[in-house]
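Okay, so chain A shows up in both of these, paired with chain B first and chain C after.
The block that comes next holds the complex of A and B.
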């Protein structure tokens, strides 16, 4: 904590120092708190009186320490009562919901409506002998806002799957609340605790300023401030020290509360960032050889990606894609296949210049219809996005603005790319919605995104993506979130739209089956590299890379023998930064030999229109044909 | 005949919102024998997840009975349920969301056996054994879920489900969120574990190929009702109900591009389970619907291959089907 948050560590140290010295006042204080010395009244700070003296010549420093004992004790009672009331009740209210929630919240709302100071003054005047009761009452009055916050946080996590899992595991309700809900909401609880503690200090000081807490000659911070205010015309030291220590404690509580929240929440996120930092460090040692010079693309290509490398993070060399080369001809449907973490989405998003976070292209070129995409900016970039290239994202619901009706979301795209009137745009929108085969398009245009189903939302986002008649549509896992029946319908739609509009499609998917339904050609990506590309049928029936072969084999099909285990690719995709220097797939490959782990494997042509990044590509092809001949 | 491990009889579940009541499950009956896997297929909104949740006691049943091992658990309260909770466990769809991110993995695994016969030392030993069984390093126990990949989290969720040696595991789309390659690892693991300890699975999914591979029998759900039920091989490869046929046609098959497209009617606006109407639940999207389909709800009737089908056209309709295909090709 000291190194990561020096300021918070200092605040904590200060807070602990104040508390410890106050508690240990009888041992630490240089004078008894009520030792008067009329000869040295109202002195300024000096060596013998560190904080000066008061009207009766009592040492202010000692009185601050003794007064701190009283003030902090009562503040602790107030915040303790507030916390013990608000946290359990808030958790129970949020977790249980229903009548329990309604009952607790009704009482809480009444509590919120009470004027705190007035009620406390009434209680104080009734129980003037029992200050503790008044302080407990104050604690109860400070609880409602905190209760509300804790309830809100608990309410948000009560429907999480892990809570269901705990119910299924047979945990009792208190166990669920205190083991699962409380740790999950400890961030807001800690912040609220700090706020309540600070409020408690302020209220205690305020009440003792009014003369309620300390009975003279007893000292408290509030009474010191009050006395200081009386003698302000003669000396301002008492007011300064009394107010100063209150301010310091309140400030420190706020800073420490925030830091504790960060640390508490960080305990379950820090691990992954530490791991990625470690990877980055290792990465610098084993740098990849420089990417080979980009090859010229065929002139007929609509999109040409040459030597593309994409990096994330602050370090230049945390590559997520390396030396990616491919072209898409006009009107062609091309698939980009691979497991998650292989870099396919990064490649797709770089084409439309939408790399998320700190991702950026570090090498290579992207050319669209002869234009340099990476050099586009301003209005050119805006008209390129949507006008030349459309984009359909995986989560249809997340891609639509929930606060805007469906129709206007498409109209705005039309009007951004063409100068047409509002009425024309509305008309064209309805045509588009009909084109993506939505029933009752005029009605759909008036609905909000939450009023339509996931499949319909995906149709709407496709309609929006093709609104400005782009020549290339990038569809990033467009069907992964959908049911099979909807998936088939959406693929159908994409195929027809492509044909109708003469539009090329880049389909990103982890499922070779999906790609094979729509695409003519496909690229297979593994750990940042294209490992094979060619006509889809060739990839499926005569793969020239073991990864392609394995991807096709591990999916159960209607002919899979049910008694045999499925083929698996052992292990998992290495994270960016953990890629080996040799063949990236070697560690999981069933064909691996010595030759695979010696040097990087280049991607090379194998047969007509095909490329493979495997030293055994030609042998795989030959064996494949032999097997087919036998069959 | 021995009584089945799980028997669901005429189960209904209603969700009440402010304006209307939505019937998510409508009179569903099914049974799972010891050591058997029953696959439950359907699209989202068909009530398959709700059925699983009703068995787990996470959703209150409106009508019908759920009997587990001879014991009526339909309306068992939280406290009662805890007594036999170690016998029914679940693996959920989202592996990240089903593990508490704020707790160490060991805490998540061990809590499932608190209160059982296992001593803390035995529980730790079982955890170590299960982590090894699902191919995760023992050190995983001291980490937080965020440090793991989706596939690892799902294997962990499986390990957690098995901590108490349950007899029934509800698998709610356990591989839908995973990559194809990782799916195979998890599916294999589930089958091996089943063979080792004679587990029963209720396997919920929307991918017919995956469900067929995992299941002994399959029940197809549409708008809260079973439209077809029978041996996995029959339902998945020679389906009789038009909806199951559409499902089979929609499942992507590697290398099969020019297949007949599912003849599904248009999607309806809003929630699929919204209005409960008379007649067949599938009538609005069914290409073969005749008048009687709109007025009468078909009952499940036995077919020739050991399956049961809820369709007015059954068993004649395979012929109707070929006729239509013939017309189309002309």
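The block that comes next holds the complex of A and C.
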């Protein structure tokens, strides 16, 4: 903890120091707390009086220590009562469930709604002689939020298997609760303890400021503040020190509590995994060869992606895509295929400048109709998005704002690109909804996203993406989240829209078959690289890369070669940062030889309009032709 | 939605019953006679008996409560044990002070908290760190102490604003606002920082969601995305937290009103507690509990407005 969280360690040390010094006040305080000296009243800090003196010339530093004793003692009582109430009841509530849980929680809800300070004042006025009772009441009133947390944690632990196992093993209920569940909820309990302790200090100081805790001449932090408030026009020192020490203690408790929470959840936080991934990535990518220089694109291309590399993370080295090159001609439908985790979504999203989180392009160029896409900003970027390129996201439901009706979400896009009236936009929206073949488009426009089905949401999403008549539509797994019966309909819709609007389509999919239904050409991506590209039929029936071959064989379809068994590719895509230096697919490849693992494999033309990143590409093609000839 | 509100109101009933029984139960289990406590140590046994009878303390507890509750539902909360003032009148004259304080502080907290939180969510970096530090400080600094420091600085040293006191809105709206600025800021300090933190967290979460990317992909202007889509989707936890802080501010009013010498419910609670004026405290507790119920109800209603799905409930 000291090395990982120096700040929290310092706070903890400071806290311990304050507590120990206050408890040991009779030993360490330079003066007795009530020793008056009217000759030196209301002095500022000096060597003989570290925190100055009060109206009666008493040493404020000594009074802070003695006052701290009293304050911390009562705060400890308050926290103790809160803990002893919240932890057992929370455990029982979470573990037992049912009516016991409901009973405890409904009382707890009432407790949560009580105005703490006012109720404590009532208790104080009834039990004016017995401060401890009021403090215990304060503890009870601070228990409900903690109880709720403990219950939640116990509930989560109970649902885990090992408690069931303990029941089977014949352990008694109290044994299970205290031996198995309590240790597991220790994290949240510690965090809540820090919070409750901080609140206890604050309330105790507040009450003693109001004059309910310390009886003069006894000191407490609150009474020192109150005395300081009375002499405000003459000296601010007592006010400053009395409140300052309180704030420091509460602050330290807060910092320690935060650190405890981070430690409790630390093992699986994104932060730590991202950091470790970055570390791994750094080691790995240092060995990657530099990306080759981008090649010139054909001038007819609508979209040209050249030497594109995309990275995530703070450093530039966690690549998710490397040296990606392809072009899309106007009106052409092109597929981008690969397993999940290959980087195809990142490539697709970079085209419309929508990389999520801290993802960004680290090398390469994207040109749309001769314009540099990566350089766009402001109004140009806004008109490019939606106006030049439309985007249909993977999960149709997640792509719609749940709090806004369907129609206005499309109207918004229309009005972003054309200066039309609200009424006109509404009319056009209904036309668009009809165009994506939604029955009763006017009614659908008035529905909220949660009131429509996934298939309808996908049509709405598509309508929105084509609203401003883009020349390229990017559809990221548009059918994956949908029912099989809907898939064909959506693909059909995309095909017709493409034809009707003269719109090029980039279809991202893990399914080579889906791509083959819509596209003429496709790129196959594996572990951040394009491993093969060419006409879809060639990829399906005469693959020039073992990965394409495996993808084609994975499809249970009448279009694949029949006498081959349905394949499952063994292993999984290596994570970004774990890519090997040599052929990325080598570890899972059935054709692998020594040659594959020696050096990086470049992508090279194989035949007309085709490229492959495999040292055996030519052999594969030759063999494929031979097999076909035999059949 | 209606069902949600009705359920909330039904849940409020046990709360109000528990709260209203508080003093009765406490007096019953407390040692000593509350009448004696009011009269002080010099009172004779006869005087104590007389006051006990007047307070109904010689009746059985359920009868005492039923008598009080019967009057309470008609708006009669009894008389102060100390000053014989009508509790209802005392409360209604002080309620506007506390409401001005709490509503103003809540509004300030919401405005500045959301602004700071959004700025921090969208800019991140040093602003994010600043929000964290402010949130920690806002939580750690006792509000009444902050109030005293503000008095020291702004009123005593700079003479910009009155140190203490309260001017009724009807007398002079300007002086009313001037008398409230320091208390508002004092009480809002906690709320601003807490709301800022919540706003930042939920804005960050929402701005990372797919529909935000899809809106950007459609070329929708960024200000519309942030304000109309982002903030609206982030609003529910922000409103929840605002409700929590509004309730906390009702409690904080006890200290802040005392510090600024404002004649509100909180300051009245302190003087009543010092004097052992139980009927007055009883009334204050009930009024504050009703305010808590109203705050929770407002939060629930806003859920329905913010989230179309909640309207079905």
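The criterion applied here is as follows: the second predicted complex is superposed on the first by the 377 of 631 C-alpha atoms of A that agree within 3 Å, B and C clash if a C-alpha of one lies under 4 Å from a C-alpha of the other, contacts with A are read in each partner's own complex, and residues count from 1 in each chain.
Heads up, the rule we're going with is that a contact is a pair of C-beta atoms (placed from the backbone, for glycine too) under 8 Å apart; a residue touches a chain by one contact, two chains touch by 3 or more.
Because the structure is predicted, anything quoted here is derived from the model rather than measured.
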Task: Partner chain in contact with A:192 - chain B first, chain C second, else both or neither - done: neither
Task: Which of chain B and chain C A:537 touches, first, second, both or neither - done: first
TODO: Using the superposition on chain A described above, determine whether A:448 touches chain B (first), chain C (second), both, or neither.
DONE: second
Open item on the list: With both complexes superposed on chain A, which partner does A:429 reach: first (chain B), second (chain C), both or neither?
Closed with: neither
- [ ] Examine A:350 and indicate which partner it touches, taking first as chain B and second as chain C; both and neither are also allowed.
- [x] neither
TODO: Would you sort A:115 into first (chain B), second (chain C), both or neither based on which partner it touches?
DONE: second
TODO: Tell me which partner A:399 touches in the superposition: chain B (first), chain C (second), both or neither.
DONE: second
Open item on the list: Quick check for you: in the superposed arrangement, does A:79 touch first (chain B), second (chain C), both or neither?
Closed with: neither
Task: Touching both chain B and chain C, residues of chain A - done: none
Open item on the list: Touching residues of chain B toward chain A in the complex: what are they?
Closed with: 43-45, 53, 56-58, 78-79, 81-82, 85-86, 88-90, 92-94, 97-103, 107-108, 111-112, 114-115, 143-147, 149-152, 157, 160, 164, 179-185, 187-188, 191-192, 206-210, 212-213, 232-233, 236-237, 246-257, 261-262, 264, 266-272
TODO: Report the residues of chain A in contact with chain B in the complex, numbered from low to high.
DONE: 160-162, 164-173, 175, 179-180, 183-184, 186, 267-269, 271-272, 275, 339-340, 437, 439-440, 443-444, 447, 451-456, 483-489, 491-492, 510-514, 516-517, 537, 540-541, 550-552, 554-558, 560, 562, 565-569, 572
Open item on the list: Using the touch definition from the top, list the residues of chain A that touch chain C in their complex.
Closed with: 106, 109-110, 113-119, 121-130, 198, 202, 205-206, 209-212, 225, 228-229, 232-233, 236, 239-240, 242-243, 246-248, 250-251, 254-255, 349, 352, 354, 356-357, 382-387, 389-391, 393-395, 398-404, 409, 412-413, 416-417, 448, 450, 461, 464-465, 467-468
Task: For the chain C and chain A complex, residues of the former touching the latter - done: 11, 14-15, 18-19, 22-23, 26-27, 30-32, 34, 37, 136-137, 139-142, 144-146, 148-149, 151-152, 156, 208-211, 213-222, 224, 228-229, 232-233, 247, 250-252, 254-255, 258-259, 266, 269-270, 272-278, 281-282, 284-285, 288-289, 292-293, 296, 306-309
